[in-house]
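This is the structure, below, for whatever I ask next.
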Amino acid sequence: MTATQFVDLEQLAGQLPDGAFIALPPDYSNVPMALTHALMRRPVRDLRLLCVPTSGIQADLLIGAGCVASVECAAISMGEQGPAPRFTAAVVAGRLKLVDSTCPAIHAALQAAEKGLPFMPLRGILGSDILRHRPDWKVMDNPFADTPDPIVLLPAIRPDVAVFHARWADRQGNVWIGRRRELMTMAHAARRSLVTVEAIFDGDLLAEDELAAGTIPGIYVDAVALAPRGAWPMGLADLYAPDVAHLAAYAKQARTDEGFRAYLAANHLEPSLVD
Amino acid sequence: MTATQFVDLEQLAGQLPDGAFIALPPDYSNVPMALTHALMRRPVRDLRLLCVPTSGIQADLLIGAGCVASVECAAISMGEQGPAPRFTAAVVAGRLKLVDSTCPAIHAALQAAEKGLPFMPLRGILGSDILRHRPDWKVMDNPFADTPDPIVLLPAIRPDVAVFHARWADRQGNVWIGRRRELMTMAHAARRSLVTVEAIFDGDLLAEDELAAGTIPGIYVDAVALAPRGAWPMGLADLYAPDVAHLAAYAKQARTDEGFRAYLAANHLEPSLVD
Amino acid sequence: MSTETWRREELLIAVLARLLDGVEHVAVGASSPIPGAAALLARALSKGATRVSVLGSRRHNPFTEGGRELFDCAAQGRIGAFFLGGGEIDGEANINLVGMGDYPRLDVRFPGSFGSAYLYMLVPRVILFREEHSRRVFVPRVNFISAPGTSEPGVYRPGGPHALVTGLAKFDFDRARRRFALASVHPGHDAAEVAAETGFDYDSPAAVPATEPPPPEWLELLRGRIAGELAETYPKFASAVFGKAAA
Amino acid sequence: MSTETWRREELLIAVLARLLDGVEHVAVGASSPIPGAAALLARALSKGATRVSVLGSRRHNPFTEGGRELFDCAAQGRIGAFFLGGGEIDGEANINLVGMGDYPRLDVRFPGSFGSAYLYMLVPRVILFREEHSRRVFVPRVNFISAPGTSEPGVYRPGGPHALVTGLAKFDFDRARRRFALASVHPGHDAAEVAAETGFDYDSPAAVPATEPPPPEWLELLRGRIAGELAETYPKFASAVFGKAAA
């Protein structure tokens, strides 16, 4: 709740403790790739990932680089480029503690945290093996129904940190995310939010409704770092498209451990020797 | 879900059936006063009002004009102008079926409807006489706690119709509301939404993130009517301020039934003889 | 390519588009180019009465409340149809998007369940689509139920499976009997081939009709307007099938 | 007006501002000009360490998630202090914003409970503020509990009443003992007058100190910068007390 800090990318990566429970945005929503790269170079360790509700190359890189202790997600995939290779390999090798969920359950559990609630009900899911393997989820009868009406209750998920990229932050720490509201929920639900931005906005993002409508207030933003093209090779909303050729090459190359190591080296993503 | 209709103000008022359960925005949020005036002239009857979560002159006028069967609200007040005179008089005279609530309960119950849930839990409220007089609310022990932890469960509120004013609609029925997100929740939760706008936006409000971030998609908007300065005497966001002198005069004049009748006559708000 | 001949993808798009007839709002997931094209075709044929939301698209995705809006919208009853696939699908229409093996120790891992466990139960007309038609996919019993095909009485379930479309055939699903019935076999294939490649039991009429090919005017629409609309979200697919680059 | 003398409103603003010392984020409801001014003064004195959200303000309200955000924000633990009033307040700090009489048949109707039933229980430091100090307001037992002053053990309640400020005096509240204690009496009044006008029992020290008046530098801030900030949200109040029109 203290004033938003403005730091550089490495300092921002340094604010994320090893072992943190960290919320990641989905591939269509402001993926903080430059920050991810900085975390890999650091390297961060034992992250517990929450994909909101899915992830792609961001989670795959962190898993492949050995930065991840566990993952909760509805899916990890590279979309049209195919499976996420390091995720798939880690699961099959039994190297990754994985908690399978489903998209609306992750959204709803974050909304529970946003509202300071211990739990949130959710329709659907009954009869799914996801539920069978989630001892932390409960089923109860809807107390407002006259006949038995089972409904799932999800405990709130409160991440330690939400990370995402955005087009602008202003000097008060307000961050403009446009229509990507899942980032708003993440920032509300998480204890802290670390954000990279394309540029500093010279003015007050909350001053007029046009921009305020898509702005996360600074009260939820702990630290901001500049990272131009900070979503690359993912895209950023109206600003730039995903680098499909790069993503396709990664999806292919990272199928083997050697290929993945070569990708890290070629992209300067190996742990730095100086820290 | 069929395409949004574009109609005139009287036709829009005509689409609201007598007896409808209707959600009204709070005084700080795009109050559809021109539509309210049209409803009074019609006149509409037996409305069941849901204030989201409070109301001012809009509810007071409808109550005074005899258009209202019941009200659920967290408060009805004219703010700095003092009590809402016709509301206060109707309650003391025992003429109004009133269901007292509290702001976050109305927001949460609408979110339950938005999510298609039968209920939503909410913290607080325990020990309040509001709860004691709400047989429709339940208290249960949080099933995720190890020790007894009572929590209130609110049944979803699904209004028949949400009504509000906005700056723009485009020709696809998308409606721009800026940062007034309670209108978004109302539109999602209600079966239908009837909207007045200052102007038609010549373009696609969803095309770019700047405006899309504050836009309710046309899938939730059933009908739109033009009503320039349609929030008067309330204000509209960045566009125009409330007419404080008018509101103060109303708050004073409407303390008596005669004063209220005179206000209706002076403002052409009496039921029309032709329909 | 003349409108007398059609590609396999165009046939599948036409089959799926027919299943959307009368739906007011259809949503399509990311990475689903054939369903996406079918939805856009259905919209064009409906003269705009059908609304289409393509997730992951900037131009055809109307949502402004973040990732949860699709799910909330479905629960509100505002989404009439949705497509789901599956790494495995069984004869009771259970689908598996998680993997093969003894969960959690899997031999093969799929991406994950996405929103299937929810949307399959809430969207009235869920169309199962999987191009690969093999005993590897269509199994007697899925290894992991991401989303169940049917539910016990008393379970809130306004939605569920409506049909299954594959590279070989189209099946209808009977929710009460919990069984698929072969509805048509695509041109160039026959019922015996379908039986040989399907690992679960299903009903089959004595004479199985051939799947109706796409009429010339549909092909014209597909290759023109729809291909252009599709290129924004599925550039790889649009360029491979229709030779269109994103606008 | 010199800074040697001060208006009654300025004294009250100063008393409330002192109660906000060290709070990181204070939220103020609409129609609360004196608490609003106190929050803005506390922010100015904190050199920006205190954040202020004034509901109903366009310039000082940071919320972008609609009416519910205040309540969600409080539940997240991000609001340190809030002000509440009451048509009636009793000795256990129960507040009544609904009316007088036998609910639902009321003789006097107040506007309603607003968010009190929630915020009183979730915001750590709730400051009760009511200018009118009379036995009509400060009653042995409220007619209707909009929000309870205290809760049973086991009830989730990170928040609650911290102090009560009136036109005559300041009280502290002891949550364990469920009782107010008179902390100071405003200049020009005395403890006997407070006792005569208060309908509930409270603790009182043998010698009751006088409320500290606002220091000259606070008055300067109030009459300059704060009055200007206030005029946007409370034009009537700002012009009556400070003679400022909205910018």
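Letters A, B, C and D mark the chains as written, and numbering starts fresh at 1 in each.
Criterion: a contact is a pair of C-beta atoms (placed from the backbone, for glycine too) under 8 Å apart; a residue touches a chain by one contact, two chains touch by 3 or more.
Model, not experiment: these values are computed from the prediction.
By number of C-beta pairs in contact, A-C leads over the other of A-C and B-C. Separating the centre of chain C from that of chain D, both taken as means of CA atoms, is a distance of 59 Å.
For the pair chain A and chain C, the distance between mean C-alpha positions equals 28 Å. Once the centre of each chain is set as its mean CA position, chain A and chain B turn out to be 36 Å apart. The distance from the centre of chain B to the centre of chain C, each centre being the mean of the chain's C-alpha atoms, comes to 40 Å.
Annotation for chain A: residues touching 2 or more other chains are 108, 111, 115-117, 122-123, 149, 151, 179, 184, 212-214, 237-238.
Shown for chain C are the residues that touch two or more other chains, namely 63-65, 71, 75, 122. This structure has the following touching chain pairs: A-B, A-C, A-D, B-C, B-D. If you check the complex, the residues on chain A that touch chain B are 108, 111, 115-123, 138, 140, 142-145, 149, 151, 153, 155, 177-179, 208-214, 237-238. The touching residues of chain C, counted against chain A in their complex, run 30-31, 33, 55-56, 58, 63-69, 71, 75, 97-99, 103-122, 144-148, 151-152, 154-156, 234-237.
The part of chain C that touches chain B in the complex is made up of residues 24-25, 48-49, 51, 53, 59, 62-65, 71-78, 80, 122.
Here chain A touches chain C in the complex through residues 26, 28-29, 52-54, 73-77, 79-80, 83-84, 87-88, 91-92, 94, 98, 100-105, 107-108, 111, 122-131, 133, 147-151, 179-185, 237-238, 244, going by the rule given at the top. Only residues 1-3, 113-117, 174, 184, 188-189, 206-207, 212-220 of chain B touch chain C when the two sit together in their complex.
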